[in-house]
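Shared between the two complexes below is chain A, which has chain B as its partner in the first and chain C in the second.
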Partner chain A sequence: MSKLKKVPLAIWGFLASIGGFFAEFGRAFAKGDIFVKLSVIWWGAGYIRRKQYVKGLIMTALEVAIILFSVLFAPQYVSKFGTLGTVQYSTHLDPTTFQMVPNDYDNSFLILLLSLMSFVVWAFALVVLLKNVINVYNLQKRAESGAHVNTFIEDVKTYLDSKFHITLLTLPVIGIVVFTVIPILLLIFVAFTNYDQNHMPPNQLFQWVGFANFKSLFSSGLTSTFSYAFGRILGWTLVWAFFATFTTYFGGILMSLLLNSKKTVVPKLWRLLLVITIAVPQFVSLLLVRYFFANDGIVNTICENIGLTALLRDWGVINTTFIPFLSAPIWAHVTIIIINIWIGVPYQMLIATGILMNLPSDQLESARIDGANKFQVFRYITMPYMFQVTAPTLVTDFVKNINNFNVIFLLTDGVYTTTNTKLAASFAKETDLLITWLFNLTQNYYNYKMAAVIGIMVFLICAVFTLIAFNFLISGDKEGVYN
Partner chain B sequence: MKKFLVILLCLAMVLSLAACGGNGDNKTPGGNENTPGGNENTPGGNENTPGGNENPGNNDTPAGPNPPAHDGPVKLMVWGAEEDQDLLKTLIDEFKAQYPDFTFDITIGVESEATAKDTVLTDPEAAADVYAFANDQIDALVKAGALMNLSETAAQALPVFSGKNLDDVVAANGEGSIVACTRNNSLYALPFGGGNNYFLFYDSSVISAEQAGSWEAMLDAAQAAGKKVGMVFASGWYNAGFFLGAGFSVALQDDGSTKIDWNGTSAQGVKGTDVVKAMQTIASHPAFMAVPDNGLSNAIAGGNLAAVIDGTWDAGACRDLWGDGYAATKLPTFKAGDKDIQMGCFSGFKLMAVNQYTKEAGWAIALAEYLTNESSQVARFNARQLPPSNKVAAADPAVTENIAAAASAEQDVYGYEQSVGDTYWDPCATFGEQIVQGKMATDDAGIQQVLDDLVATIGTPVA
Partner chain C sequence: MSNENNVSVMEPVKAPETKAPKAPRRGHRLGGSRVGHNILIAILCVIWLIPIVWLVCMSFSANDGMDTSSFFPKQWSLDHYVRLFQTNSVNQFPRWFMNTFKIACLNCVICTCFVLMVAYAMSFGKFKARKPLMNVAVMLNLFPGVLTMIAIYFLLKQFGLTNNHYGLLMVYAGASGLGYLICKGFFDTVPRALCEAARIDGCNEAKIFTHIVIPTSRPIIVYTIINAFLAPWMDFVMAKMILNSGDSSMYTVAVGLYAMLEKSLINRYFTIFCCGGILVSIPIAVLFFIMQKFYVEGVTAGSVKG
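Right after this comes the complex of A and B.
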C-alpha cells in the first residue's frame, strides 16, 4: 500500500511546481520597478530599459502578432464555440453563372478545431507573459547588482552554448504540440459532442451533448448494447494483452536459452530464420496466415484429409464441416494468441539474448558447484535477474499490446463474423480490442463521438496501468537481492 | 560541427513527425491527365449571340449547347474505377470535342465504386466534381449532403450546357435505376449501369438448367458430383434475398434506423419462421458451402464449386473455372412451409454523382450527363461487360446475349430497391452467421424470438 501512495505524491509534486511558477511571477511583479510592471502590457518595456533593444523589438513583435491573431482571426470561431455553429448549410444554383452559391454557413468541425488552436495560442501567450515578467525582473536585479547585462549577440551565443538544450527542444516541442497534443485535445472535445453520421459537417451541424455519450457507453438494454460490448471487449483486451506479453516474453527467453545452449547445432542458422520473420512485414505474413486458417483454407483442408475434422465432430467439439480456427469465439482467441507467439518471439528472443549475456557468471558458477540442476538455475537465478532488468519493458509491452491493432485486425477482418446479436448491434466482435472496435466505428460508421469516448477510455486504462505498474516496480530496493 | 549535426537530427525528427501526420493519399490518382492545350479559345467568347444565354428555364425547346463564357480553363476532377480509366479518358476526350470554344483541365483519379462513399465523406469539399459510386451508398451520401440535388440544378443547367432535357435523360433509363437515384422525390445521381445485383452462376455439366431452378434439386445434384454450392449467408445483402422473395420488406426510416417485418407474415402469406427454417435446411446440407463476405473470389478460385450465387463482377472468374459449362440464370426457388418461393434480391446500380460542393456546377452536370448517356453506356458495356441502365442500350443484342447480363436482368424482375440504414448490416450478418454455424434455435418459438430481436435491434437508431 505504501507504494500506491507514491502516485498522489508525484502528482502533488507536479502541481507544486506549477504553483511555484505562479508564485515567482507574483513576486517579480510585486518587487519589480515600473518597467517590470509595464511589461505586462508592453512586453518589450523591460528590455528596452535595460538597453536590450533587439530583444525588446522581438517581444513587441510577438505581442503584436498575438493581438492581431486574437482580434482578426480568433473571434469568428471562438464566439461560436459555445454553440458550435447555428447556421446550417444551404445552397442554390445561380441561373446566370451556373455556379452553386452557398449561404454563410457554420462548419462545426472548423469552429471546434480553430477555437482549440486559439485556446492553445492564448495559453502560450499567457505563459510567455508570465515568463517575460520574471525574466525582466531578473534582468533588473542583475542590472542593479552591477552584473553585466548581455547584449543580443551574447544572448544568442548562450543559446548555442549553455542553453543549447532550449534551442534544440524548440522545434520538437512545437511539433509535438501541433501534431500530437492538439489532435488529442480535439478528439477529447469530440467525445462530448454528437459528431456522427447524422451530424456531418459541412452540411450539418453538431452540438455539445455533455456526458450523454459516456452514459450510452455504460448503459445496457436489448437495443442499446454499448455497455455490454464495452465490458466484453475490455475483458478480452486485458486477457489478450496479458497472454500476448507473457507468452512472447517467456517464449523469447526459452528460445534464446535454447539457441545459446551448447547442445544446439548451427545456432546461427536458426537465429537467422527467426529473425527473417521479423523482416517480413506483418501486413504480408498475417494476411496470408489469415487465409491459411480460413474456413476453406489450407489448414482446414489438411485437417479434413487426415480425419481430424471428423474426429472433432464426433467428439462434439465442433458442429460444422470445418474447424473454425478464426471464425468461432474461443477458437479464434486461442489461434490469435498462438499466431502472435510466432510473430513476437523472435523479437523478444533478440532482447533476451542481449540481457542474458550480462547474467553474472559467478552466480551461475556457484550454483553449479552447489549441485543445482538446470531447472533450479533457471528458476532461482535466471528468471529473477531477467525480471529485474526487463520489468519496465514488460509494462511497456503490456500497454503496447492493449493497442496491438495489426495482429487482431489483419487476422479477423473479413473472416470473422460474430454470432452474438448484442455485439453486432454495437458493431463489435468477440475478437475485437478496444482499438479495433474504435477503428470499425470510425471507418465504417463515421460514429466519431463513440470512437472518441472509447479512445478516452483506452487512454485512461493505459495510464492507470502504467502509473500503478511503474510505482510497484521502481522501488529501488531490489537490486542484487536473490533468493 | 557536432552541434550542427545535432540540430540536423532534431529537424529530421520534427519533420518526420509532420510526415506521419496525414492519412497518406486516399485518392490514388493513378491515371491523372491534364489536357490543357487541346482546344482553342476563340477570343471574344462564343459564336452565339453575345450578351446573354438562352432562357435557361425553357425546358420545352432546348436550343443546343450554349454554355456561358468561362475565364480560363474549366477545371474538373473525375473519379472512376481502375478498370474504367482508359474508357474515361476516351469519353472525356469526346466530351471536350463537343465544346471547341472552351479549354478544359480535367483530371481523372482512381476510386473504386464500392468505396467512393468513404473517400468522399472524409472531406466532401475536396472530393471530385463527378464520381461513380454503387447505389448502396446513396443514403449515406444524401444524408451527409454530398450529392447535388439534380432535380433542381440539372433541370436548369442541362438545356444550357448540353442542349438536353432532364426529363428526357431520366426517361431514357430503366425505372429501377431511376428509383435508386431518387430520394425524397428528388434526383441525386444519374445511373449508368445496372446488373449490380446477384444471381446464380452454375456449371451446366454438373447441374442441369432445370435443377438450377430450385435449391433442393441443385444441392442434391452438386452432392452427387462431389461438388458444392456456395452462397454468402453472413451478409445482409445476400441473405435478405430469401425474405424479399417471400414478400417481406426492408425500408430506411428518417431517423436512420431500418424497418423490417421479417418476424411476421409477409404479404404473400409466408411466415418469417418458415423462411428461416428453409435457410437452416439449406445451410445444413452437406453440399452447401457458406462463403464469408468478400470471400467469393477465393471460393471460386478454390475450384470446388458447381454453383455460386454471385454478381456480374465475377463472371470472368466463373467462366475460367467452368469453361464450356459456364451458365447463369436467375436465383433458384426455396421451399418455405409448403410453398416454393422465388428468391428476390437487392437491385444494384452504378450511379454517377455530381458533388454538391463543386466549383463548376454547370460543367460538372454536363459532364456527368455525357458520361452516362446512351453511347457512353454502350462503350462501357463493350469494355467492361457492365449491363447498361439505358433502355435502348440494354435491348441491344450484344447485351441480351451476354450470359451474365441476361441472368442479371432476368433476376432483376424480382429485385427490390436497396434503402437501408447503418444498423442493418452487422446484425443481419450475425443472423446469417448464426444460421451457418448452426447456433440458432430450430423450433418455432426460438426462431420467432431471434427474429423479434433482429427487428428490434435493426429498428433502433444508432446511439
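Right after this comes the complex of A and C.
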C-alpha cells in the first residue's frame, strides 16, 4: 500500500492506539489485586507475588536505576530548562595557584540537550510502567484461572519466538531514537531559541525567544533580509526540483525506449557506457564537471576557439571574456539543471528499463493491430503504464530533489559568489537550495537558530507536498495486489 | 454451405498474404533508419562520456594543475599515479583509502543486521505496534538527512566524537534501520507456507529468520550489503561535517580529495585529484554494476509498497 497516502488516517490511528493503551492500563489497574496496584510504585511487586522472582528483581533494578537517574542526574539540567541557564561564563584568579579558573557556569546547550534526553528517558519509563501493570494483571488472570505461569527461562525463550520482534527491534529502534528522533527534537527546540554566533555556549548563554525566529523569516524589516532570501531561495528550490525531476524522468524514459528498441545493436554495451557516469561517485564526477565548466575551464577554452564567446559578446549576452557557466545567475541555474540531466538520466533510464520490461505486450500488440503509430503507442499505452507504476517514485524524487544537497553544493561551493547584497546579508546565494543554505548557515556562520527554522520549513514543505501528491495523484490502493 | 464456409475461413488466411509483399519493404525502411538510430545512440553515449574521458586524460597529464589549453594533454605521463602514493601533509591517499575501507566494512555489518532485523519484524511480525511504528518511520524519513545531520553534529561534539571514525560510523549506521522498506518488500514475497511448515516442525521465530528467510533472500541481502558498503565511499556531506577540523590523516577519500581542490592547492594537486578519483571509482563502479539489477527491483518494489 502507499502508506504515505494514508498519513492523516495513520496519525488518527496512531493516537487511537495510544488511547487504547491507556484504557487497557486503566482496566488492569481497576480490576487488579493489591499487588497489581502496588506495581505502579514498586515495579517488581506483581512478579514477586506470582513467584517470578528474577523478573521482579530485574524490574526493581530498572526502577531503581531510573529513580537514581531522575534524582541525581536529571534535576541539575531539567531545573534550568525554563531559562536555559543564568550564570554566564567568566574566569577569576585563583589566589592559591595564580591561575585563571572558570566559574561554575551554565552551558545552555548542554542544558537543552540533557533535558531533552531526560524527557526521552521519562517517556520510556512511563511506557514501561503502564505496560508493566498490564503484564502483571494478565499474570494475575492466568494465575487465578489456574493456567501455567511461565518460569524465567520460559519467559526468556518467548523472546526468540512470540516476542522475537522485540529482540529484533530493540537495537535498531534505540539507534533511530538517538540518531534521528533526538536530533529532530533538538532542532525543533533550537528554532525557538536565539542560538547563533553571538550566543555560543559555553562562553555565552542563549535563551528562549518564542516565535521571534519565525517572525524574522516571514516579516521583512530594514535589518533582516531573511524573508527576502527565503522567498528567493524557496522559489529556486521549487523550480529546480520541478525541472530536475521531470527532465530526468522523461529523459530516462526516452533513452530507455531508444536503447530497448529492436533496432539497437548491442544495447547492453550502450547501457554500460551510459551507466558509467553514475557509477563514478558524485564527489568525483560533479567536482570534475565544475572545473570542466569553470570560467577558465576547458569548455570556455573551446568556446573561445570556435568563436562562440566572441559571438555572445557581440550580441551583448555576456560582457566578460568567458562564458560564466557556473558563476552568474540564470547561466548557473541552467547549467546546473543540464548537468543534473547528465547525472540523472542514466539512473532513471535503468529504472524505466526495468519497468518497461514488464509492459503488458498484448496491449502493445493490439494497439499496433488497431493501426496506432509509434507516438500514439507512447502517448496512450507506454506513458500511462509508466506513470501508474512510477507515480509514487516521482513524488519521492521531487522531495529528494528539494533536498538534493550534493549536486548544488559540489557544483557551486566556493565557485559561485553572489553580487546581490540582500542575499549576501543573509549568507545566501542565488543557486542555493534551502538545504545548502542552512548547511552554510551552520557550518560557516554558526547561525543555528535560523538554520533550525529553515529546517522546519523544509520538513513542512516536503510533508505537505507529499500529502497532497499522494492524496490527489495516486488513486487506488495497491495493498491488495501484494498481500 | 460448406463452400461458403470455406470462403469465410479462407478470408483471414488471405489477409497476411496480401500483407506479405509489404513486409520486405518495411524491413528495408527499418534498415535505413537503423543506422541513424544507432548513430543517435552513439552520439548520446559520446556526450555522456566526455567528462569521464576528460577525467582519464587529465589523470595522465604531465601538468600538475588543470590543463585548460587543450582537451587532451600535450604530454602524457604516469607520474601522478606514482605521486598519489607518496604521501605528504596534503595527500595521504593510501591512509584515506584504508580509513574509508574500515568504516565501510563496519558499516556493512551493522547496517545489514539492522535493516534485516527491522525488515523481518515489520514483514513477519504480528504485533499491535507494527502499523504505528511503520507510520512513524514514514514521517521520520521525510526529514532530510542533512537536517538531522546538523543536530547529530552537536550531539557528537558534546560526547567528543567529532573528528573520529567511530562517530562517523555511528552516523552512517545508527539510524540505518529506517531504510528497511525495500528489504521488507522482498520479505513480503517470501511464501508464508514455508514458515508455517517450519513452525509446525517446531521452529521458533528466531530459527525461521535465520534458517528460512535469510537463505531464501540472497538477492536482497547482497543488495543491502553492497549498498551499505558503498555509502561511506559515496558520501561527502556527513564525512566533511564530522571530520572537517581534524587531522588530514583521519579523512575519508571523499573529504581528502575535496580538500585537494582548495584554491591554494588546486594548481599543484588537480592531476593527483583526477588520479585518486579514478582509483576510487574503479572498485565502486564494479560493485555498482553488480548491484545494478537489484537497484531497479528495489526502487520499483519500494515505491509500490510505498
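Keep this in mind: the second predicted complex is superposed on the first by the 452 of 483 C-alpha atoms of A that agree within 3 Å, B and C clash if a C-alpha of one lies under 4 Å from a C-alpha of the other, contacts with A are read in each partner's own complex, and residues count from 1 in each chain.
Note that in this section contacts are C-beta pairs under 8 Å (C-beta built on N, C-alpha and C of every residue); 3 or more make two chains touch, one makes a residue touch a chain.
Computed from a predicted structure; not experimentally measured.
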Between chain B and chain C, whom does A:437 touch in the aligned arrangement: first, second, both, or neither? neither
Let me test your reading of the model: by the given contact rule, A:277 touches which partner, first (chain B), second (chain C), both or neither? second
In the superposition, chain B vs chain C on chain A residues touched: C
First (chain B), second (chain C), both or neither touched by A:81: neither
Touch test for A:197: chain B only (first), chain C only (second), both, or neither? first
Just chain B (first), just chain C (second), both, or neither: which does A:288 touch? second
Looking at the overlay, what does A:99 touch: chain B (first), chain C (second), both, or neither? first
Of the two partner chains, chain B (first) and chain C (second), which one does A:230 touch, if any: first, second, both, or neither? neither
With both complexes superposed on chain A, which partner does A:321 reach: first (chain B), second (chain C), both or neither? first
Once chain A of both complexes is superposed, is A:249 in touch with chain B (first), chain C (second), both, or neither? neither
Would you please give the residues of chain A that touch chain B in one complex and also touch chain C in the other complex? 160, 164, 167-168, 171-172, 175-176, 179-180, 291, 294, 296, 414, 443
Partner chain A, residues of chain B touching it in the complex: 3, 6-7, 10-11, 13-14, 17-18, 21, 53, 56-57, 67-68, 118, 121, 124-125, 140, 143-146, 148, 152-153, 156-157, 160-161, 234, 256, 286, 289-290, 292-295, 298-299, 302, 304, 356-363, 422-423, 426-427, 429-434, 436-439, 450, 453-454, 456-457, 459-460, 462-463
Where on chain A is chain B touching in the complex? 89, 91-93, 95-100, 160, 164, 167-168, 171-172, 174-176, 179-180, 196-198, 200, 202-204, 216, 222-224, 226, 291, 294-296, 319-321, 324, 327-328, 414-415, 417-421, 423-425, 427, 443, 445-447, 450
Under the definition above, what is the set of chain A residues touching chain C in their complex? 1-5, 7, 10-11, 13-14, 17, 109-110, 113, 157, 160-162, 164-165, 167-169, 171-173, 175-176, 178-184, 186-187, 190, 255, 258-259, 261, 263-265, 270, 272-285, 287-289, 291-292, 294, 296-298, 300-302, 342, 346, 350-351, 353-355, 389-390, 392-393, 396, 399, 402-403, 405-406, 409-410, 414, 435, 438-439, 442-443, 448, 451, 455, 458-459, 462-463, 466, 478, 481-483
Chain A partner, complex, touching residues on chain C are 30, 33-34, 37-38, 40-42, 44-45, 48-49, 51-52, 54-55, 66, 68-71, 114, 117-118, 120-121, 125, 127-140, 142-155, 158, 170-171, 173-178, 188, 204-207, 209, 233-234, 236-237, 241, 244, 254, 257-258, 261, 263, 270, 273-274, 277, 280-281, 284-285, 288-289, 292-293, 295-297, 299-300, 303-306
